[in-house]
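All chains are identified by letter, namely A, B, C, D, E and F, in their written order; residue positions are counted from 1 within each chain.
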Amino acid sequence: MATVTLIEYEDASPEVKAVYDDILAVRRTEHINNFWKALAQNPKTLKRTWASMKEVMAEGEIDLLTKEMLYIAVSVANNCDYCIHSHTASAFAKGMTPGQYEELLAVIGMAHETNGLSSGLKVPVDQCYLK
Amino acid sequence: MATVTLIEYEDASPEVKAVYDDILAVRRTEHINNFWKALAQNPKTLKRTWASMKEVMAEGEIDLLTKEMLYIAVSVANNCDYCIHSHTASAFAKGMTPGQYEELLAVIGMAHETNGLSSGLKVPVDQCYLK
Amino acid sequence: MATVTLIEYEDASPEVKAVYDDILAVRRTEHINNFWKALAQNPKTLKRTWASMKEVMAEGEIDLLTKEMLYIAVSVANNCDYCIHSHTASAFAKGMTPGQYEELLAVIGMAHETNGLSSGLKVPVDQCYLK
Amino acid sequence: MATVTLIEYEDASPEVKAVYDDILAVRRTEHINNFWKALAQNPKTLKRTWASMKEVMAEGEIDLLTKEMLYIAVSVANNCDYCIHSHTASAFAKGMTPGQYEELLAVIGMAHETNGLSSGLKVPVDQCYLK
Amino acid sequence: MATVTLIEYEDASPEVKAVYDDILAVRRTEHINNFWKALAQNPKTLKRTWASMKEVMAEGEIDLLTKEMLYIAVSVANNCDYCIHSHTASAFAKGMTPGQYEELLAVIGMAHETNGLSSGLKVPVDQCYLK
Amino acid sequence: MATVTLIEYEDASPEVKAVYDDILAVRRTEHINNFWKALAQNPKTLKRTWASMKEVMAEGEIDLLTKEMLYIAVSVANNCDYCIHSHTASAFAKGMTPGQYEELLAVIGMAHETNGLSSGLKVPVDQCYLK
């Protein structure tokens, strides 16, 4: 249960509605997901966060699916329940194959393991990596 | 400074040398990086970890550069100093462009921000994401 | 579901009851929250933790509401479900306004983002910050 | 050592210089700190991040010093070396007293402890906190 | 709800069944827990992870119960819901006493607290610890 | 470099000296490590933290060496540089063998990996673990 009331489209102020409309248009969906409905309690944060999201998650030198997989990787490491679910769904919607998902998880697991080992052993960074 | 002595190639036991040789061959490099030299104190862990790494980080349905970028994403979220440096170097060695690196960092930053917001607001997962 | 049985007031030993009574008195509430009921399995930890909590969360040079907001900030970063819910409720009970809550979340989100960016870029600390 | 070259004021493009000038003006300082010099490799991220920072860290219903203390709290929990140093320096520059710093650290430590205890015990959230 | 379908024993491929059979034999149980049923979507990861688990969690210079307690400690710090529940159950099944569990949690809580304090204060490592 | 000045024994107030003396006596050492010298800026936190540490890290149903290994496990997961170094040194001082250290690291690495996998797959907790 959220710490704030989720704001549905029909209850939204014009300012919030404008952001919702942009989300629906940019994402070509008919669903405003709960993250935005929770942020909508704070229209300024909603606007700023959506503007950043739109800029950062746009097609660029990294393709959209890869960006979703990177998002999953960070969200697993930070253990954000909501973000894991929503970005895994997004990645599948963008065409992630079961094989890619399997490899994604294997890389995430492996990285966690060597993160733990490197930090535990306090491995010094090789000189050649420092420029 | 590592909590163990790094084992150089010339000081390695035959068992460790065999792993080192495989690393050099598979990665087509002449450099054994410090992570493996630290793990080498424990030949069993060295062998197991390298075998996993070789399997997980092989070309598959996800390409090698993307895997390195995913590794960076996890390592930043876990704040593993060594892994951030070594995998950033690897990603550049595998052809990551400055533009890709910029976008990678932007996605990592954005994911951290919305991870924090979602967790703070305890946003409930949308029903449509749960199947 | 907790890994231990929660100990209700009426089932508590005199030693635990004494701590419960102090919690009720200091906090001027009639509700012992689940955290203490779970800790009560271990009276020594219950006593020590409550004594620390009482000392640390007392009015001081930082006011009570700010302390609750700091607690939320740490709990979000550590993603502690229970602590986020309980300290958000406490902060509202201590008079946190919707506007303050919005700003709190915005700062938390922003800090997460720049934490990720700084760690990813391995930004060296400015000399002027080191004294 | 950063993974990118820090861009000094005199080497900056007009686009980057414009952000630097705004930072200097808003913060009334003559020092561009390394975080921005590292971000400057990516002018778009620099601009977006500074715009967000300016909005989020402005005086509001939460005062500036409290915002810096919240930033420290998150940065310690995320263990961001750079951010801990820079925001601790900023908090002192904004008037944080030694007594406030002591209490801030005590709250941060306490929150970490109970975060660990609550997560370990999987304490269920009290019904009264869920609305 | 898992992001993948859990694979039950009767629906498993021969390759997966072989791993399941080994789990049942090594652990002398009749229960395949959900972690393996989720991993089974990816037989390669299932096999590799189980092989590692069997090697790492075998009796050695550290006894089995201590290994389970170490697993709990890491899982609490990483806040992995599933792992906290499953390894706490395993530790009790391996004979962990209520008194040991209480001390385990106390150590975990204490470590979290001093982790936060040390990181916040940026305490420099004593020379004598560095070799 | 610490954010506070470390307080040496000879510069300590009587209140701080009393804690230092107790540390030296309880630990049978002639070395006050930097953690306490940093905490000493805040005598109240110093006293409270040392009192807790003495209670929690005393011989109990879990032996001293195991407690140090648990401390290392948490500190690696939280990536606390200072704590990893100091508790690894303490564990060796308390008799940790190279073989135990190797197994400790292997368990830590393994736990990190399955923490990541479980969180990524959102594996539901088995009913049998919930009681």
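In the analysis below, a residue touches a chain if its C-beta (ideal position, glycine included) is under 8 Å from a C-beta of that chain, and two chains touch if they have at least 3 such contacts.
From a predicted model like this one, the values you see are computed outputs, not experimental measurements.
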item	value
Reaching chain F from chain D through chains that touch each other, fewest steps	1
Repeat of interface D-F, chosen from A-F, B-F or D-E - more than half of residue-number contact pairs shared	B-F
Farthest-lying chain, centroid of Cα atoms versus that of chain D	E
Copies chain E and chain A - interface residue numbers shared by over half, same or different	different
Centre-to-centre distance between chain D and chain B (centres being mean Cα positions), rounded to whole Å	27
Chain B and chain C, separation of their C-alpha mean positions in angstrom	34
Mean-CA-position distance for chain B and chain A (Å)	20
Residues of chain D engaged with two or more neighbouring chains	1, 3-4, 44-45, 49, 52, 55, 74, 76-81, 84-85, 88, 105-106, 108-117, 119-122, 130
Complex contacts: residues of chain F adjacent to chain B	79, 84-85, 88, 98, 101-102, 105-106, 109, 116
List of chain F residues in touch with chain E within their complex	1-4, 31, 33-35, 38-39, 45, 49, 52-53, 55-57, 60-62, 66-67, 69-71, 73-78, 80-83, 85-86, 88-89, 97, 99-100, 103-104, 106-115, 117-126, 128-130
Residue ranges of chain F touching chain D (in the complex, touch as defined)	3-4, 41-42, 44-45, 49, 74, 78-80
Chain F contact footprint on chain C (complex, rising order)	1, 44, 48, 52, 55, 130-131
Footprint of chain E on chain D - complex, ascending	72, 76-77, 79, 81, 84-85, 105, 108-117, 119-122
